[in-house]
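Some structures to go through are shown next.
Two complexes come next, and they have one chain in common, chain A, joined by chain B in the first and chain C in the second.
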Partner chain A sequence: MIKRKKVWQYGFLILASVFSVFPLYWMAVSATNRSAEVIGGRMLPGGYLLENIKNLLAAQNVGRGMFNSLKYSVILTLISLVICSLAGYGFEIYHDRMKDSVMSLLLLAMMVPFAATMIPLYQMFSGFHLLNTTLGFILPTLSTPFLIMMFRQSARSFPHDILEAARLEGLNELQIFFRMFVPTMRSTYAAAMTITFMNAWNSYLWPKVIMQDTSSMTMPMLVANLTEGYVTDYGMLMLAVLLCTIPTIVIFFILQKSFAEGITGAVK
Partner chain B sequence: MMKKKRIVAMLTAAAIAVSLTGCGTSASDGTSAASGGGNQGESGTADENTLTVWCWDPAFNIRAIETAGKLYQKDHPDFNLQIIETPWEDVQTKLTTAATSGNLDTLPDILLMQDNAFQKNVISYPDAFLDLSSSGIDFSEFSQAKVAYSTVDGKNYGVPFDNGAVIAAYRTDILEMAGYTIEDFTDITWSEYLEKGRVVLEKTGLPLLTCKGNESDVAAMMLQSAGASFFDENGEPDMADNEALKEVVSTYAELVKAGVMVEVNDWDQYIGSMTNGSVAGTINGCWIMASIQTAEDQAGKWEITNIPRLDNVPGATNYSNNGGSSWAITTNCKNKELAQDFMAETFAGSTELYEEILPATGALTCYLPAADSPVYSEPQKFYNGQSVFTLITDYAAQTPGNHTGVYYYEAKDAIAVAITNVVAGGDPDRELKNAEDTVNFVMGK
Partner chain C sequence: MNGKGKRMTLEKRHSLTGWGFLTPAVVLIVVMNFIPMLRALLLSFQAGVGNRMSFAGLYNYIRMFQDAVFLRSLANNFIYLLIQVPIMLVLALVLASLLNHKDLRLKGVFRTAIFLPCATSLVSYAIIFRSLFAVDGFINTVLVRLHILDTGYNFLGHAFSARIVIILALIWRWTGYNMVFYLSGLQNIEYSVYEAAKIDGATPFQSFWKITVPLLKPTILLTAIMSTNGTLQLFDESVNLTNGGPANATITMSHYIYNMSFKYVPNFGYAAAMSYLILFLVAALAFIQMKVGDKRD
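Our next item is the complex of A and B:
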């Protein structure tokens, strides 16, 4: 009886995973096929991978794009984690009425779509001479209400006994944060890191507005370059998309376990 | 122990700070090295002899302007081009952001603009573009339909480049099975097209034409072939009582109902229908040839001719235009004389340039003197020995111009909706009225 139920469960899950895995499979397989074969709907790996690699390298400066994307994303992720976790921790541990209302204000800011703030931001950044710079890329999303809220939520489950004990032991407040809070919240950090890195890596609208120079372009911008034109080489395009996906896939798989824990809550 | 950790923490913080500033400067260093130090809020380059260009498509536009740059360098050895590959959508976004925020100084010296968006951008951001009327460029040497796209209030803002003349391309082997040749589809009307299409469908099972559903490209091409537009001369929407448009919509619906034209869902399917041989022909801007030619196994089977004309509309022709682009010089350009002279001596004055880029890119000229070049009359194997390039430049010269205005894209979208509804059985008059109301609404009326 139980077995039959399992069969249904697995059957359903397999079917569902086919829908989510198939596009990835198709992307990987298409990277090894000719453009005409991709349009023709070929589902099997082909022998055109080397040719696609050669074409892609000739068409776009992929090394530069990868390097830029990695640089922007890693720097943004690291700094953003420090700032947002400090902020989230502060909002929860030292909270009073004023801080709560500041927090609600921050959450309100989450509702404002980026397109609405883009033009004033551009005006500011152009005035500060930050176009085409790393700082220009990372500043607007350095601290996000979402991350602050996430860290605040997890700080809520941080036992106050630990705080008291640490204070009695003579640790100052910063030391408590770095030595007690950070190690306990490792999985929250992992989840936050995955989310921030993915967002930074995939961000398109802002970089496309401020990065006006060939040498500062990111991977998603290179992929967009490939789709523009009277003829699209789909094999090459899929290869570029595949390359563009790999870093986020790697990060996700490394942090997969902590990611699930971090989303559901760090302290058991 | 404590001290050690504190030192470590401080070192880490210092490292982050240093790496941040380090990256900041290295990025801007890279920038200045690449563009001659001009990018910090003044994209128009500091170097007197370098022009910055935004354009897209390495195989087409970029190759063309690179060739132009090399030609110009022969007489001007100091001249340099700094080309920044930017997809059209991004050119539009960057332009909108820069112009709306009042930072025109972040624009490049030259940018490539889709013809359909040209008037919109010039009217919306009048300070951004240089009036080229008295620049020494002779605009009468271009096809007039093309020049009209970049003309606002009688002033020329663009140097026509990419030709969008519409062609009808047919698979002659499929036509033959139905007992037709390419001549049977030359200089015909849409009702003849429909009639012959029925025969082809019956004998071969294939439609004559595919198009992307929910898009009004085919309708817009039909409309322009009669010199008509979605707007009147004053830029007011003209749809509900537009006789030409009414005929376009009913013709379109008949084609779909008869199965002579099949609507597909997306661009990839559209290209696929031609390369897979599941359609007997196509009607689009001549740039579609680049996609047709990817089907190498069909070489020699395709031939091109002009498109059908509307039956009952005065001024109807067999020629139209779809897509294409023109070069614009921005007001931010630091060396306007150089930019104008560069354009005048290459895209607006060099037959040699067009001779060189045609075989390499398939980029067809709108510069009429170039059409007399022997390179243009060379027979093309893929098109069964036709001199397609001479044919197309001839089509371009006969194409009537029309007025695109600021809201051309919005109008096209509204008409796409109307057409979809009419094909599904809606009343044409009511749907066109709705479309006009939609555009009026977008225009804030």
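Our next item is the complex of A and C:
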């Protein structure tokens, strides 16, 4: 009886894992094969990788796309973490009735669909000449209620003794934040970093709206452009998809453990 | 008196410092979210092309419900919502509770494998699924080789199968994400509760329904609201998996709003009105879910 139950349990988990990993495996393998081989159903690594790289570089400015995406995402992530953690800390440590009601008002912004703010933002940004700029890319998502809430939640577990002790030592409030709070909240920062970087790297609708020059295009836009046209070179296309996926997968593997811890803190 | 006065200023200083900490974030959210939201509301009562707009009352809101493509996109969003979200959340819940078993081996491997799709960008996975299900794609090659089909079937060229591919892709991408939330929630439940239930003769199915589901209710509510919100705003999948086709059969509201604003002759007023319908739906559904979630207490 027990054995049969275990078979079901493992069977289901194995099935789910295969279903989850297979499309990614197929994508990685196809990047090393000729388009005809991909269509033919080849599922083993081939020797066509260099040829695919050459074709891809000829078709699109991949270096530019990778550089742009990396630049936008890193800058957005760094500034966003500072602004949102300052705010989350401020909302919790100095909380009073006014600040609490401001916070609940901010949470309403989580409900606003991007489609509703997209057009006025576009009009505003083109008025301020922010189209095709890094600032234009980062401004709308620099401060998000989700991140602020996450940091507020983690500030709740920040011991008040440390705060009082640091004040007696003569540290000012900003110094306490940077020297005491930031180092103790590493796992929250790691989780916030993973989420923000992935969202920035993967964002598609907003860049599609404001990045109109080919020189400021992001990697996802460039990959999407490859599918236009009648004949698809699957080997080359999957190589582009692979390149577009590597940075987020790397970040995920590096920060996986702290990510789970940070989410646990936020759900509690 | 003197002491009290000094205390007040200290408190005031304290409060002001707090405002200093949160002002940048609050100003950004007001300027980037609330002001555009109000401007979109004003815009939604105007009609016209490009920058020549004039007040039109409720014209855009009435037009919306006579626009066959918009009604189609509204229905599509609801099809995705009503079919995909329940399947995904149940699947995530089952996987999380299977992974929560104390004596499970290879736990880390399973968890990583199932979460891995979330690290894939939306554009990437849409293109992977599109290639897998293309007429000359991998799925068709396998089906033909197994003699299930004679020739490749155009999955993305038929409305019904195209919608199923989108739903399948969404389940693939988001199940692991929701599972992580459930796994975190499960860590707050003492494992001894399950052991006690087992001694009392509860089947795994019973302890799932009677222990896991009720105790995870806040997390389930959170994921349900997040998924509803996300599904009503679907864009990348509609654009890159099916391009809304065949003949707008799979187009989503956000995709249609984008087309109306940036692809066709720009009609910002009409697009803004449609975006307000999404806003209204997101708010209304979140409200209903919170009410239903509270009721079962």
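The criterion applied here is as follows: the second predicted complex is superposed on the first by the 252 of 268 C-alpha atoms of A that agree within 3 Å, B and C clash if a C-alpha of one lies under 4 Å from a C-alpha of the other, contacts with A are read in each partner's own complex, and residues count from 1 in each chain.
In the analysis below, contacts are C-beta pairs under 8 Å (C-beta built on N, C-alpha and C of every residue); 3 or more make two chains touch, one makes a residue touch a chain.
In this text the structure is predicted, and so the values were computed from the model without any measurement.
> For the three-chain model obtained by superposing on chain A, do chain B and chain C clash or fit?
Clash.
> Just checking: does A:Asn225 make contact with chain B only, chain C only, both, or neither of them? Give me first, second, both or neither.
A:Asn225: touches chain B, not chain C.
> Under the stated touch criterion, which partner chain does A:Thr214 make contact with: chain B (first), chain C (second), both, or neither?
In the superposition, A:Thr214 contacts chain B only.
> Contact-wise, after the overlay, does A:Phe178 reach chain B, chain C, both or neither (first, second, both, neither)?
After superposition on chain A, A:Phe178 lies in contact with chain B alone.
> Is the number of chain A residues in contact higher for chain B or for chain C?
Ranking chain B and chain C by residues of chain A touched puts C first.
> If we overlay the two complexes on their shared chain A, which of chain B and chain C does A:Leu78 touch? Say first, second, both or neither.
first
> Looking at the overlay, does A:Pro23 come into contact with chain B only (first), chain C only (second), both, or neither?
In the superposed model, A:Pro23 contacts chain C only, not chain B.
> Kindly classify A:Met118 by the partners it touches after superposition: chain B alone (first), chain C alone (second), both, or neither?
The answer is both, since A:Met118 touches chain B and chain C.
> Could you tell me if A:Leu163 is touching chain B, chain C, both of them or neither one (first, second, both, neither)?
A:Leu163 contacts neither chain B nor chain C.
> Go through the superposed model and pick first if A:Ile39 touches only chain B, second if only chain C, both, or neither.
both
> Counting clashing C-alpha atoms after the superposition, which of 293-301, 329-337 or 437-445 on chain B is the one that bumps into chain C?
For chain B, the clashing option is 437-445.
> Residue by residue on chain A, keep only those touching chain B in one complex and chain C in the other, then list them.
39-40, 118-120, 122-123, 205, 208-209, 221, 224, 227, 234
> Can you list the chain C residues touching chain A in their complex?
Chain C reaches chain A through residues 14-15, 17-22, 24-26, 28-29, 32-37, 39-40, 43, 91, 94-95, 98-99, 101, 104, 109-110, 112-125, 127-132, 134, 136-138, 141-142, 145, 172, 175-176, 180-181, 183-185, 187-188, 204, 219, 222, 229, 232-233, 235-236, 239-240, 253-254, 257-258, 261-262, 268, 271-272, 274-276, 278-279, 282-283, 286.
> In the complex of these two chains, what residues of chain B are touching chain A?
Where chain B meets chain A, its residues are 9, 16, 19-20, 23-24, 27-28, 30-31, 33-35, 39-41, 43, 56-60, 83-90, 93-94, 97-98, 100-103, 105-106, 108, 268, 271-272, 275-276, 287-288, 290-291, 294-295.
> Using the touch definition from the top, list the residues of chain A that touch chain B in their complex.
Spelled out, the residues of chain A in touch with chain B are 35-36, 39-40, 59, 71, 75, 78-79, 118-120, 122-123, 126-127, 129, 131-135, 178, 205, 208-209, 212-216, 221, 224-225, 227-231, 234.
> Which chain A residues qualify as touching chain C in the complex?
Interface residues on the chain A side: 5, 9, 12-13, 16-17, 19-21, 23-24, 26-27, 30, 38-41, 83-84, 86-87, 89-91, 93-96, 99, 102, 106, 109-124, 139-145, 148, 173, 177, 198, 201-202, 204-205, 208-209, 220-221, 223-224, 227, 232, 234, 237-238, 241, 244-245, 248-249, 251-252, 256, 260, 263-264, 267-268.
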